[in-house]
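Below, chain A partners chain B and then partners chain C, in two separate complexes.
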Partner chain A sequence: MSAPSDSATATAHAPASASAASSSSGLTFKLHPLVIVNVSDHHTRVKAQAACSGDGSSSSGETQRGSRVFGCVIGVQRGRTVEIFNSFELVLDPVSGSLDRAFLEKKQELYKKVFPDFYVLGWYSTGSDVRDTDMQIHKALMDVNESPVYLLLNPAINLSQKDLPVTIYESELHVIDGSPQLIFVRSNYTIETVEAERISVDHVAHLKPSDGGSAATQLAAHLTGIHSAIKMLNSRARVIHQFLVAMKSGEVPVDNSLLRQVSSLVRRLPAMESQKFQDDFLMEYNDTLLMTYLAMFTNCSSTMNELVEKINTSYERPATRRGGRGAFM
Partner chain B sequence: MESVEALVAHIQGLSGSPQEVAHLHNLLKQADCESLRAHSAAFVQFLAHLQPETHSLGYLYLLEAFVTSTANLMDHGGRDLLVTAADFLTACSADQIRLAPDKFLNVCRVLKDQVMQLNMPIRGIAPLRAAVRKIQASPEQLTPVHADYLLLCLLAKQYKAGLSVLEDDIFEVDQPRDLFLYCYYGGMIYIGLKKFPKALELLHNAVTAPMSSLNAIAVEAYKKYILVSLIQNGHVPSFPKYTSSTAQRSLKNHTQIYVDLSTCYGNGRYVELESFILSNAERFQSDNNLGLVKQVLSSMYKRNIQRLTQTYLTLSLEDIARSAQLNTPKEAEMHVLRMIEDGEIHATINQKDGMVSFHEDPEQYKSIEMVEHIDSSIQRLTALSKKLTSIDENISCDPAYLMKIGRERGARFDYDDFDSVPHKYF
Partner chain C sequence: MAMDAERRQAELIGQFSAQAAALSSAPQLAALVLEATSHPALFAFSELLALPALTKLAGTQYASSLDLLRLFAYGTLKDYKSNSGSLPALLPDQVRKLKQLSVLTLAESTKVLPYDQLMQELDVSNVRELEDFLINECMYSGIVRGKLDQLRRCFEVQFASGRDLTPDQLNNMIDTLSDWLGTSDSLLHQIQEKIKWADTMSEVNKKHQKEFEDRVEEAKKSIKKLNNLSRQTSTYGGMTTFSLNLEE
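Then we have the complex of A and B:
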């Protein structure tokens, strides 16, 4: 057993990194956002706990680059559509490198009671790329589901990346170097949301404070949203502008269709140039600025007030003779 | 105890990296004793071997030892010393001299005394300005060199040169005397430039600064403060609450004649004011304030005309002349014209029938310049607010404050107070 598995892992090393091969099974994957939130929550929790307790008991997996978390994904498979609804966490035994079966089965039973339709569809883990040991876990799960799915979440925050750092892998039997092996192949997926899920994900994403009822925090949240939207608009417009400048200076070959698109976009913007509009606009702008100025003033005065009170309490001299004023203010 | 040549060799050798400079500093401190000073007369030729930029620290020590002995100054003082010191101040490296700040300050002071003795204050301006920038740890720190620099600018009548130093806001002050001198001289420079609002601000600071006993600088500052506020605002505001008690009690006693002047001004009659000023002219002259007092007199007209804007919408020139106690309508027209140009009032003069109509402030807040103006004010205020918050946090951690707070809480056990100061800690 050890020799074939060694060779399997040895040769699986090369194709594992070349898992850019796309799946040919023809299954459509639908992912619910709850799964993504669950996985990221699990990862964050474990990371925070590990940071708190020093380098003590990080739950599972390698300690090379931080710990990986593992769990199961459950959902429904109808015909060619695989819909992943939910997930739960699992414990990985670091010694044997395999999942705790008893726990898995117990959890499966519990979930079956609540969601009778859901089956264990596969498992998830965190990391930036597929590891060799993953295949072992994958094979171990094959007795639960004959073709499990592997969901990988990349917890590294990459600001330039616009897509979700989630990849779904399937296992396929490929003939490599003459012997059939299971390798991971990437599959496409779509995100599917129910209305309730969308609201809750939105809520979590904005992380409103607990007393989000007060006007100040609501205003701040609203303004933050607007600010980020404007920032993104600004950066996109800048990209287009740079592109046009490059096209004008000849660095980029002139592309008429792109130019037409840009011009139609520009024409869609509302642009008024009359003097009255300028006047009214500037007057309102100045009014808002003055309000902000006033608010800043009030803020400053209140800070100053607190500061002076503190100075008075700490450096107060008792009232001197002749009733002279002792305090600073 | 090393001979001077060995010291010079050390200086030349050890002025490379910061560790070397620190080592050199220790050596110099050891060598800085009386016997070294006894030889200080011979330093001049050694100074020629050293470069001010790279060997700043050593140069500073030698120079300071040289200039602080008065015998040397009398023998070798004069233009050469000026040139050497001025070159040093402009060329020295800021990091090295910060290791020996008091020696640097000594050199600056001696330079200032020298230029004043030679009656050429203008020669000290450039080196001292460089010195100010170099010894400041941050642009917000006040050093004794500031006061000397401003004094030289005043004596040389180079007011604009003083502006560059005055424009920085000061947040850290070491010696109260520096603050008083800075505010007083700064106020005078602004008066010289006719920027009365800023002058008022600085003089106000000088008057209301905390002082335990009365000092002459505050008295002089108060005299000018009265005059400038009469010119600018038409009245002298009463002391704010945060003025020290000594100031409130004694300042008025020492400046009685100015207080009388302000009451006379408040009555609004030009002739009375003029006679009062004439009768006390020598007193004002001895304080060097006669020029300012004359400006107060001429501002009397402006004040009266401004008072008219609050009562009338239109007024004829003769009426203006009559109520402002001017002699002819032509004079009134001239005054009104000048005030319109300065932006002090808003009016239009109709020359055909000699009527002046007063307007509201025509600012509609519709322009982009106003946007920029308000925006820059907001930015300034944000920076100030950040500073205040940081000072607030610092005070909250101050042990004196914590002790007082802890004591006040007593032995109550409010659950809300649980994460604040444990009162038994001290």
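Then we have the complex of A and C:
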């Protein structure tokens, strides 16, 4: 299915924003995809509920556009690596701009019971850019964690953008205009996942809408998945090929260890080549074909049956004709 | 996966290369060769072969050590037996290693190795000994992974560590890789065609469905009109016209 192997790491560059320079604290951030799914789910839910309840009162999305969701991110910090595992939602009082502390504490307690190692690492929000009010919330969270992180998800769908619309900000004390101020600085992060998480997130992300369940779209979706997987394999194999050609022509010094690994890789093909496999494969192929044929047969015969009944009904002599049983019996 | 075996060897190779670079006299180098070929975890000898110090051994009385190293890098037990006159006698460790290397060479050519062939190559007489050897020496040391099929008396190899390459084998590898790339390219193309086909077919289907619905609507409307018209004449004649309209 998906090409990345277990514990895949992909560096995502944060999209350009109007915020300050990049961070220099030297912390490495690792983000789990579960957090991203959580945040986007939260945002979608709130947006859908607002749309549902505000139906008829406002036609444009003006009111919804301003709604942001907030929550906490939790995880572990080991030395210089900050790993964000999970997240939960928070209630933000829109008037005063302060968090509901009691709720936060209760949630913390609950999560502590299930995951004793995790603690609150920071908070998240949705939106396209960092706002001034965010700093207040950031400072409020500083008594829970002395240096919280701020995760911003941009919910606007931008088809041309290749990277994840997720940015991680840290707060740093910079001297601006003579007075030290806390400002947000962008940090780089990598996506880190374990096999179980990858499978479940993949499964959730590929849930099809219930009305898009026609056979053609499912087939197309399945084939697209396979297509992209093979494409990635193809590009990697091409790199190895180019490397070998370069080695042969002498541009690259001969590296025996790599050559050995490549030779063992190449020996793995063909992946399956025995008589038994051919037999089993052909048998399964024939079974599938037979089943499709049988289903088609059943469909045809039922359609034919319906047609015959319709003709019978429409051409049936009216009851005034004694013994008239219609012309098609 | 495969890389662990290589990584383990990388340390040993580095170690031996450093030692060989430090030594200068022929008998010491010969002893080093002996040590390298008996080491239980070392299966790669190209680096050692490439060292200039060892190539100097050729032509001296210790040339047999160089030949031995070459045998371990590229040859099998069969080669040893046919040339046993010119090569020094092997220690049991070396014999075992040579057997392992022979298994690797065999695994390079075919994926399914029959027991008979293996027994002949490795000079063992019964299946039990062969299987013990395969399990203990080859699979536990991580150079080979596969399934033993006792009923069909064959060994299906799924993965085998690479041996040292002779220069012409490099060309073979490049050819195989380009074939692989060609196949996967055509496969990608075919998948894309299938996706387009699925989309087109569903479009055609939808259009057909829509046409059908339109015709049914039309027929219903014409029937309603006719019904209103023929309400006065509810004779058999009217019924005929009624049924004729349905035939459309």
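Please note the rule applied: the second predicted complex is superposed on the first by the 178 of 329 C-alpha atoms of A that agree within 3 Å, B and C clash if a C-alpha of one lies under 4 Å from a C-alpha of the other, contacts with A are read in each partner's own complex, and residues count from 1 in each chain.
FYI, a residue touches a chain if its C-beta (ideal position, glycine included) is under 8 Å from a C-beta of that chain, and two chains touch if they have at least 3 such contacts.
Treat the numbers as computed from the prediction; the structure is a model and nothing was measured.
Student: See if chain A has more residues touched by chain B or by chain C, and give me that chain.
Tutor: C
Student: Considering only touches as defined above, state whether A:292 meets chain B (first), chain C (second), both or neither.
Tutor: first
Student: Between chain B (first) and chain C (second), which does A:190 come into contact with in this model arrangement: first, second, both, or neither?
Tutor: After superposition on chain A, A:190 lies in contact with neither partner.
Student: With the two structures laid over each other on chain A, which partner does A:314 touch: chain B (first), chain C (second), both, or neither?
Tutor: Both chain B and chain C are touched by A:314.
Student: In the overlay, answer first, second, both or neither for which of chain B and chain C A:267 touches.
Tutor: The second partner, chain C, only.
Student: In the superposed arrangement, does A:241 touch chain B (first), chain C (second), both or neither?
Tutor: It touches chain C, and chain B stays clear.
Student: Residues of chain A that sit at the chain B interface in one complex and at the chain C interface in the other, please.
Tutor: Common to the two interfaces on chain A: residues 314-315.
Student: Which of the residues in chain C come into contact with chain A in the complex?
Tutor: Within the complex, chain C contacts chain A at residues 2-3, 6, 9-10, 13, 44, 46-47, 50, 107-108, 111-112, 156, 158-165, 169-171, 173-174, 176-178, 180-181, 184-185, 187-188, 191-192, 194-195, 198-199, 201-202, 205, 236, 239, 243, 246.
Student: Give every residue of chain A touching chain B within the complex, in rising order.
Tutor: 278-279, 282-283, 285-287, 289-290, 292-293, 296-297, 299-300, 303-304, 306-307, 310-311, 313-316, 320, 324-325, 328-329
Student: List the residues on chain A that touch chain C in their complex, please.
Tutor: So the residues of chain A touching chain C come out as 214-217, 219-220, 223-224, 226-227, 230-231, 233-234, 237-238, 240-241, 244-245, 247-248, 256-257, 259-270, 273-274, 314-315, 318.
Student: Tell me, which parts of chain B touch chain A in their complex?
Tutor: Residues in contact with chain A: 210, 241-242, 245, 248, 364-368, 370-371, 374-375, 377-378, 381-382, 384-385, 388-389, 391-392, 395-396, 398, 400-401, 404-405, 408.
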